[in-house]
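Going in written order, the chains are labelled A, B, C, D, E, F, G and H, and every chain counts its residues from 1.
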Amino acid sequence: MQPKIAIVLGSKSDLHFFEESRALLAAFNIDCQVHILSAHRSTEKTVNFAKSSEKDGLEVIIAGAGAAAHLPGIIAAHTCLPVLGVPISSSALTGWDSLLSICQMPRGVPVATMSMDRAGAINAAIFSAQILSQKHLYLKDKLKRLKQVMEENIAFSITEATKVLK
Amino acid sequence: MQPKIAIVLGSKSDLHFFEESRALLAAFNIDCQVHILSAHRSTEKTVNFAKSSEKDGLEVIIAGAGAAAHLPGIIAAHTCLPVLGVPISSSALTGWDSLLSICQMPRGVPVATMSMDRAGAINAAIFSAQILSQKHLYLKDKLKRLKQVMEENIAFSITEATKVLK
Amino acid sequence: MQPKIAIVLGSKSDLHFFEESRALLAAFNIDCQVHILSAHRSTEKTVNFAKSSEKDGLEVIIAGAGAAAHLPGIIAAHTCLPVLGVPISSSALTGWDSLLSICQMPRGVPVATMSMDRAGAINAAIFSAQILSQKHLYLKDKLKRLKQVMEENIAFSITEATKVLK
Amino acid sequence: MQPKIAIVLGSKSDLHFFEESRALLAAFNIDCQVHILSAHRSTEKTVNFAKSSEKDGLEVIIAGAGAAAHLPGIIAAHTCLPVLGVPISSSALTGWDSLLSICQMPRGVPVATMSMDRAGAINAAIFSAQILSQKHLYLKDKLKRLKQVMEENIAFSITEATKVLK
Amino acid sequence: MQPKIAIVLGSKSDLHFFEESRALLAAFNIDCQVHILSAHRSTEKTVNFAKSSEKDGLEVIIAGAGAAAHLPGIIAAHTCLPVLGVPISSSALTGWDSLLSICQMPRGVPVATMSMDRAGAINAAIFSAQILSQKHLYLKDKLKRLKQVMEENIAFSITEATKVLK
Amino acid sequence: MQPKIAIVLGSKSDLHFFEESRALLAAFNIDCQVHILSAHRSTEKTVNFAKSSEKDGLEVIIAGAGAAAHLPGIIAAHTCLPVLGVPISSSALTGWDSLLSICQMPRGVPVATMSMDRAGAINAAIFSAQILSQKHLYLKDKLKRLKQVMEENIAFSITEATKVLK
Amino acid sequence: MQPKIAIVLGSKSDLHFFEESRALLAAFNIDCQVHILSAHRSTEKTVNFAKSSEKDGLEVIIAGAGAAAHLPGIIAAHTCLPVLGVPISSSALTGWDSLLSICQMPRGVPVATMSMDRAGAINAAIFSAQILSQKHLYLKDKLKRLKQVMEENIAFSITEATKVLK
Amino acid sequence: MQPKIAIVLGSKSDLHFFEESRALLAAFNIDCQVHILSAHRSTEKTVNFAKSSEKDGLEVIIAGAGAAAHLPGIIAAHTCLPVLGVPISSSALTGWDSLLSICQMPRGVPVATMSMDRAGAINAAIFSAQILSQKHLYLKDKLKRLKQVMEENIAFSITEATKVLK
């Protein structure tokens, strides 16, 4: 069975940050849906998405957001699946707001914060594979190959590394 | 009819920041309930509280929170009442996290951010009275008297000013 | 009677941040004057504007300013009307200066800080409607419709949501 | 088979931040070793620990560090296991240095950053359980119970919630 | 004629920051009044103080304030005398708010920002003497002696240097 | 006798920040030399410039610098004339480095920090005139006219205000 | 024997920051290899490079990196040669992340942090020459000439100063 | 011949930060003078100290300073010896001011910034030994032993490691 995750974004305009990330997920043979959901505009849909995520077969959730980025936290509040947060630097404060809003979650409701923007989106894909590999064993090999490819060709972009991975 | 508001906090341990604030609300003759609710631990209760707030006769909601402070935003997402946010400096980052998490709300879901900690709690009480005065006209006079008292005795603490107000 | 508010800016060059904000206010059927006033160049005019604001029929004041942004605070010092502050990121410090100058008001004189720049201008319009709705009851319905429109079409820009609102 | 993880710290003096965290891991019935390793003083040992971690039966690694906190990143560079980083606010810069050193990892080598200090240590324990639950299914139930306990008693400290969990 | 300046503070509780500063002014034989005035609580008094300051024989004004520190700016807006601002680190944000609120004044209304807290209060006294020395020539000699004393005994505290100055 | 001041810059490339500033000084009829001096490359020249500044007839010194901006402080260390510092935002850190390097001077050696970049350069010109007006009485009138012009036409740029001043 | 150092970068794309730096090293007659190595992708190669650096005849190592910049620290952990770190401002956080990741090294493993970007690369070249001059005495004269050239022509760019140096 | 360096501090009160540092230098058998000098109070003495440092047999200079920390930069401007800067967190801004004032030196005059406070003082001692080891070959062995001691006993404090070193 193909592993299944979701990328949730507050706005379509943030989708371009996830280009390499999605190519990488495809190379990992991980099925990845994209949802546009808002912690504030459509909390109910977001909460329902989170609540049914496990039943819907999802195994990891990646959530990217800018400014007062509450999306990853609100999803994490309603699922026991691992939630990865990607801060987006979309406001004048160059991402400090989204970094702190995502990272400083209170006791009891963790969000795993990745680095900012495009690098964070890529790392969220790899971290998802690391989580999933515990059950989907074929991923262990792919992760090791990725590490090898990067070590052998440290000048490789993630796109180049991804190609080799398939 | 006595005006009615609520103070919502993520933790009882933040209640002491609201001492002068609550005395001031009492002097304004504003009925003020205190709720301990969490954006992440008890989202449903928080959402339900917000959704029924208007029917329950509330007119303003004050929400105080620290760290990745999502509480004011989540309440604001589920009510059309004015929501005032008070950042609490409870983490090692001395309040920068709560300030940005509360203030940088996205387009469409405003939270009115007050200053940090005790000063913000006091100002939230006064700002509530300013909002409520548009319907509860007796507050206009009380607000003017507060301004006068503060002007005449700028060395007065808020507690001293509150006493004169009654 | 049509509700009446004012937007006060320190400089004409900041007016473009308030485009969607003003369209939204128009859709709310809120009469909105724009004033160019300076806390430092024309304090007297600013103080007089604030002092007579209530008599002049204003019910809410929105003030936007950059750098050492004293305008919202000085207005708030001279009126009991609710004052909303919008930090503008116009200096090299990317808005940190205006955010702190507006938000960290001392005990006794609240300013309700919105988010930065365009998002804050929009939210100030909505927060004004939330305040005004306590007296101008027709706004309650408009605010609920806006929430609905945004929930149903979370990808809608505020401009699109505004059009539906009218 | 009992799930097995490791907490790696740069200094024994940071161990007290992980008290509730370790109690929580015990309540989850997760076997947790503690290692004192340094990214800079004992890189070889750290690298060897990371390289053999999978063979040694570890499934998740938690790494806490202060100042220029390189420990989580160096471990992540040498294993395909998920690595969770906990920034410790031990320098004069109140944790900004460790937050950024842990969170801003480059493309290809993810570290999942938790919140700072004690809260982050607790969340790392829960996030570990969320990862492990994909294979160790009994954890799913424990995680749901923790969520329930916290929702029913949001005033509960993590210590109180932990007791109920066992 | 003895030179005459004023120290204006928003709160009596900030007065202790100006102890060495006032001793130094006394050693310079500069007459220094202390006023407790608030930019927000007593704007009118503050504005009137500023407006009549020149007529009242003042030659320099020192203004110290914390948080959203508008006091120096508002005074500077109403006088052509030089205004020196001393940021006070009284809020949780360790003085970043007062530093930016005082320093980032807009074009046309300068405030001369000194360093923070006690060091800034001392430097404001010396800078006042530097300004006044252009007219009150005896100060030139005192300033040179202070420089000499500090150079000869760089371990001298300001209090020790002050004693030698008299 | 025409009042005489100097603008000292670490680099010719910062001169453009002082355009309106120099026009304003001309309108004040203040003679203003420009010096390119470096605190680090040519300390001796800088120290000699500072030491002889008073003998050379200077009455105020304006020093602008970016990054680790030591120029204003080193000049202030060698003269009893008032030294005004203008932080320039020339490094990647958007001026935080120059602001703190100029503003946080130790006890005994004050520098009067102006706002950043162009606004600070303009304010340094006005603050110079405020200092000089104590001896050069004709400046009092010019300063009052500038205040009036700005108050009457708050939309005026400094360039427009300058023209009226002459 | 010609002195020999290495510049190590995490990415070829950062090489352009070192243009003037390498020209300067050439003018100092210092042999400078460039290595592209990654603290995270190719730790082993990096560690091996560091371990054999002394045997390979290197005398100083310059390491430039952005974001969570661990490269200088990991090299410093494996050699007793002096390691100079150059923070690169390549992420949205404008270099704060690389500055803190490089500078805040723990007790026992020093990295000498230079200023950010191009200026830091240049200063790393000069600092290398200062270290090397203790053994390679001809450098003492070159360093003095550089100081002289810069003092005589403070408007000289480093490129101009370099030309004179040869 | 025993290697010889100097520690220069702006104030005796900072000396306690250098306790372990000096013990470590003693264990390295490096002769270390301590000077109290000020960049601003006693520039001439500081400049003369720097200018004659090489003739006086010094080989490295360590300079520690807080707030607008100009001391390391001014020394570096007057010597071709390597200058190491240690930022001290003595102001309300928790060391951000001294870090940036020391680190962001302009092109042409490098200062090697160490970490903050006590850790930086220790690292400055070790970095000095690394520089000196190029000429004083016995230090190579001591440095390797320190690395070994720290690797074998990573829980060792620097004081314990120092004892073993002798």
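As a working rule, contacts are C-beta pairs under 8 Å (C-beta built on N, C-alpha and C of every residue); 3 or more make two chains touch, one makes a residue touch a chain.
From a predicted model like this one, the values you see are computed outputs, not experimental measurements.
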Each chain counted as touching chain E and chain G at once: F, H
Chain pair equivalent in interface to A-D, over half of contacts matched, among E-F, F-G or B-E: E-F
Classification of the chain E:chain F interface as same or different, half of numbers criterion: same
Whole-Å separation of chain centres (CA-atom averages), chain C against chain E: 35
Chain centre separation in whole Å, for chain H relative to chain G (CA means): 19
Centroid distance [mean C-alpha coordinates] between chain F and chain B, Å: 44
Intercentroid distance (Cα basis), chain F paired with chain D, Å: 53
Shared-contact residues (touching 2 or more other chains) in chain C: 38, 41, 44, 67-68, 91, 93-94, 96, 103-106, 108-109, 115-116, 119, 150
Which pairs of chains touch, using the document's own definition: A-B, A-C, A-D, A-G, B-C, B-D, B-E, C-E, C-F, D-G, D-H, E-F, E-H, F-G, F-H, G-H
Chain E contact footprint on chain B (complex, rising order): 89, 94-96, 115-117, 119, 150-151, 154-155
Footprint of chain H on chain D - complex, ascending: 11-12, 36-38, 41-42, 44-45, 67-68, 91-94
Touching residues (chain side chain F, partner chain E) in the complex: 20, 59, 80-82, 84, 99, 103-110, 112-116, 118-119, 122-124, 126-127, 130-135, 140, 143-144, 146-147, 150, 158, 161
Chain C-touching residues of chain E, taken from the complex the two chains share: 10, 38-41, 43-44, 47, 66-68, 70, 73-74, 76-78, 91, 93, 96-97, 100-106, 108-109
